[in-house]
Amino acid sequence: MNDFLSMGGYAQYVWPSYALTFVAVIVNIALARRAHAAARAEARRRLSIEGEDR
Amino acid sequence: MDWTWFHRLASPPHVYRIAGTLTPWFAWPAGLLIVAALYGGLVLAPPDYQQGDGFRIIYVHAPSAWLSLMIYSTMATAAAIGLIWRMKVAHAAAASCAAVGAWFTVVSLVTGMLWGKPMWGTYWVWDPRLTAQLILLFLYLGYMGLRAGIEDTARADKASAVLAIVGIVNVPIIRFSVEWWNSIHQAPSVMKMDRPSMPADMLVPLLMMLVGFTLYFVAVLLVRLRAEILRRERASSWVREAATA
Amino acid sequence: MNPPPAGRASWATAGRLVLERDLRLAFRRSGQLVQPLAFFAVITLLFPLALTPELARLREVAPGVLWIAALLSSLLALEFLFRDDAHDGTLEQFVLSGQSLTLLLFAKTVAHWMLTGLPLAVMAPVVGVALGVPLQALPGILAALALGTVTLSLVGAIGAGLTLGVKRGGVLLSLLTLPLAVPILVFGARATELAIKGADYAGPMYLLAALAVLGLTLAPLAAAAAVRIGLE
Amino acid sequence: MLAVRNFHVFRGDRHVLRGVSFDLAAGCCLQVTGVNGAGKTTLLRALCGLVDVEEGSLLWRGAAIERSASAFHAELGYLGHDAPLKADLTGRENVRYAVGLRRPLAAATVVRGLERVGAGAFADRPVRSLSAGQRRRIAFAALWLCGVPLWILDEPNTNLDTQGQALVAGLIEEQLAAGGLVVAAVHQELDLPPGRRVDLVIPGGR
Amino acid sequence: MLAVRNFHVFRGDRHVLRGVSFDLAAGCCLQVTGVNGAGKTTLLRALCGLVDVEEGSLLWRGAAIERSASAFHAELGYLGHDAPLKADLTGRENVRYAVGLRRPLAAATVVRGLERVGAGAFADRPVRSLSAGQRRRIAFAALWLCGVPLWILDEPNTNLDTQGQALVAGLIEEQLAAGGLVVAAVHQELDLPPGRRVDLVIPGGR
Amino acid sequence: MNPPPAGRASWATAGRLVLERDLRLAFRRSGQLVQPLAFFAVITLLFPLALTPELARLREVAPGVLWIAALLSSLLALEFLFRDDAHDGTLEQFVLSGQSLTLLLFAKTVAHWMLTGLPLAVMAPVVGVALGVPLQALPGILAALALGTVTLSLVGAIGAGLTLGVKRGGVLLSLLTLPLAVPILVFGARATELAIKGADYAGPMYLLAALAVLGLTLAPLAAAAAVRIGLE
């Protein structure tokens, strides 16, 4: 296991790469879902005040 | 020829619905492929005879670099469709691409730099391939800047579409820069169809990763597209059902 | 007392008028004409001040310095390519003139090149000598700059059109144009370098020419599309 | 000759024109009124194709016009809130370049146009040194010289003195008498014979 | 309260104002008329010190005013041919920054000003998306809120609809009733009680 | 229904309002804020492309490159320091506000520095690393740039005021400002060079500071005079 973690001496390069990549992967999922949720909330908010403006 | 499919493609509510249905069909295979490729790449694949375990960065670097280019091409294609056929959904798709593309450009740059330190002895060299990738980042930033600079959505759509299309000239430059100049960067080893220069147990996880990332991108794009469509169509009646469903 | 009815102006007349108008506007302020040149000269002057005053080492950086200075002077002037016309409504009248917008904007771009790129190329030998470039390299440098600035003006026209709707678009304009201008810079600097070394610089010159042809065919169309969008 | 069917125009998110329709025969003037912000300028610019029309159609000489149809544009002259002049050029040069784009133009014709609007005295001064009303006159000279059948005017009387306003009224009447069409957005009613005037009031605004 | 003695002003080489003089008491409006290019705008800008006066003197509250005298400027509000607004800011912000430079200003006061000119409905939209008349209204709100005794207005009715013109007339009357002064360049005569109006016709021009 | 009469705004309020307004205008378009930074980055990117890709040799030219890029980014943004305000009549209203014009323009200059010079200085270390500058030199570079850009903004304000009446004043502005900016460039590049070498760079820093003090005392007055003239 330790062998695996040390990556033959390249740990300081390999693991940050993987970390960054998967942070990006997760962040992009989160951002997309948040954008969708926000758009839905906005649409709902607009529907609730509908008739006032147009 | 029956063009109804084309018109349906252009209809926001239809795309919104279809995108919702399709998302899991891309997301789950993407997740499975990526996990499997991680196992294959980090555990099963043997160390490289030259680079030792350092080469394993390839499993994140190559897919993210590939995505950064693929996303730009997708964006430019969608923009062109939007401009030519005046299809709002295509513009929405192009708009959804930019941020994801910029993210993965940054990832490819940073993982490349992290790989460069042990391999070339420095984080950064002003090599054509690397520089071109940096320029790609600026293209993405310019695209997003232009979008942010124009308030009216319809106008922002069209202006940024022109930019995306013009900027596509850079993509082949990035892809082929390695062959045109004598770059120190790795020449394409996977995409050469005749004789993959990599042993199978290294190659297979890489291919799985590439496919996994591509599917992942499609899934993310679909979610972003739905958000974008909803934002643009907030005044339409169909949004009522979509938003409350 | 109606105005005498008359036929439509030919496209050649229209293009010539736009070109003439832009040149006349520039000559009206005679000072304006020298400005890109002076800017070019001042920028190249900055390098010896900031980098190193040794002629031998200046010669090494000369190609890069020349091209960066050219790129920046050209870029700075681009800002005004369409902005004034958009602001005072001239561009709107272009759209409504019944003439091809592509043609009219192309005429404007040609005027822009004649007022910045061309004098710049002509001026470059002088600046080159100051940077220690050998005399026999000067024709090559002139040719490369003349060719490269054509493409720069064309690419810049797209950027200028796109940033029309953007307030303070100047910086954004650079941000959009510079990445697209990188190939010109790379090939141009390469040709200049080879010329200074006394080597054959035909290779990068062909590439520059290819870029210019590409620009000539596509850029005016893209610029016209961009301007139409930018006018809202 | 000019017909608009059910125009719907958005500016940003605002639904400004909600189904505007009218018919305008040759020799008639459409007088567009409405409070500030009603959408007069929007309508005029939409006719020119300078603003996107969401829905509706525009017919000219019986044929539907697409956006940016240059044949239609060649028959149309537009004068907006601001006169489209280059401050560094003289009035004469401005007229020459603006009109020369559209039709062959002799120097003598330019002089005729400038004199028609009473701009002869200041035609050779750079526009930047002209007063607001003098600029408007130069712009009218260019419009008149184009000799196009359709004029689209946004508040044509702005900045003009009494004589200038009479001059514009005269130009409009001539244009109509010659079988031309005028679309004008105004706040004070135009003084035209009833048969020549079509009224359009745009609701909403402010 | 305001007196001008023998103003001579050149624009470039042109001797535009040749000895203009007038006296204006508190509660009075100076109506400046003249054909296009007579020099109305020039006179107004000269009063503000925005154009150099070759000869002549300007008296305010009995004292002679130098060019750029900030005490005089603090009592004066100028509205020229174009409304001095930032297109990227909303009407409310524009008013806040413009008036805030001159006097302490509560948010509620800004609202009052905007409502006074009928700009409440569009006060929170960026000025770039407003119609010509809506912009003028915002500019009037700022002027009114300054609460200065001397207004200098160049063609105040430009771009305003009928109700807007009545509004401006109302604002001017109020200003006069409160003992303020107004200098206005116009092409249509202002409708004011005779005692309140002083006429100045600038000769020449066009 | 008269407006509530009230006292005069203090000079501090007036200055704060002008500063706040300019910052708000910049932040309104969030993209605009990053743009000088992006421009700075793109400009520096041009040098390796045009000069040489070798880090060892890039390091030698790094001080010059950093300062020229900073100078140009700052200059490009200067164009808009007063132009927009002059165009829409805001500057006229400043003159008529009864407040000191010197103060109001100084507030605008401060805003300009906060929006260009400061972010540029903060960004410089990143760019420096890409040019092969050693880490321990970065604090010195940051300090020198922060100080130097203050003077640049101040000197630029005079130029921007002087070119107000000039159509397409952008190029002229550069011409006026660049010669005045040369001392800043020379001392700044010298300080940076010493910092990169690991030597003591206090000497040129003092000179930079002296220039900044000189600028702070004189430039706002000169700028106000220039603007008054430029308004015609």
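Per-chain residue numbering starts at 1, and chain names A, B, C, D, E and F are given in the order in which the chains are listed.
Keep in mind that, in the parts below, contacts are C-beta pairs under 8 Å (C-beta built on N, C-alpha and C of every residue); 3 or more make two chains touch, one makes a residue touch a chain.
Note that the structure is predicted; figures quoted are calculated from it, not measured.
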| item | value |
| --- | --- |
| Chain whose average C-alpha position is farthest from chain F's own | D |
| Between the pairs B-D and E-F, the one where more C-beta pairs touch | E-F |
| Centroid spacing, where centroids are CA-atom means, of chain A and chain F in whole angstrom | 37 |
| Computed distance of Cα centres, chain E from chain B, in Å | 58 |
| Computed distance of Cα centres, chain E from chain D, in Å | 29 |
| Interchain centroid distance [CA atoms averaged], chain A/chain C, Å | 42 |
| Sequence positions of chain F contacting 2 or more other chains | 29, 31-32, 35, 38, 42, 45, 49, 52, 84, 167 |
| Residue numbers of chain E (touch at least two other chains) | 87-88 |
| Sites on chain A at which at least two other chains make contact | 54 |
| Contact footprint of chain F on chain B as seen in their complex | 122, 124-127, 131, 134-135, 138, 141, 144-145, 148-149 |
| Residues on chain F engaged by chain B in the complex (per definition of touch) | 29-32, 34-35, 38, 41-42, 45, 48-49, 52-55, 58, 129-130 |
| Complex contact set, residues of chain C against chain F | 29, 31-32, 35-36, 38-39, 42-43, 46-47, 49-52, 60-61, 63-65, 67-68, 71-72, 76-77, 79-80, 84, 167-168, 170-172, 174-175, 178-179, 182, 185-186, 189 |
| Contact set on chain D toward chain E in their complex | 11-12, 34-37, 41, 81, 118, 121-122, 129-134, 136-137, 155, 158-165, 187, 205-206 |
| Residues of chain D defined as touching chain C within the complex | 48-51, 68, 70-71, 73-78, 80, 82-89, 93, 96-98, 100-105, 109, 112-113, 116, 144-147, 174, 178 |
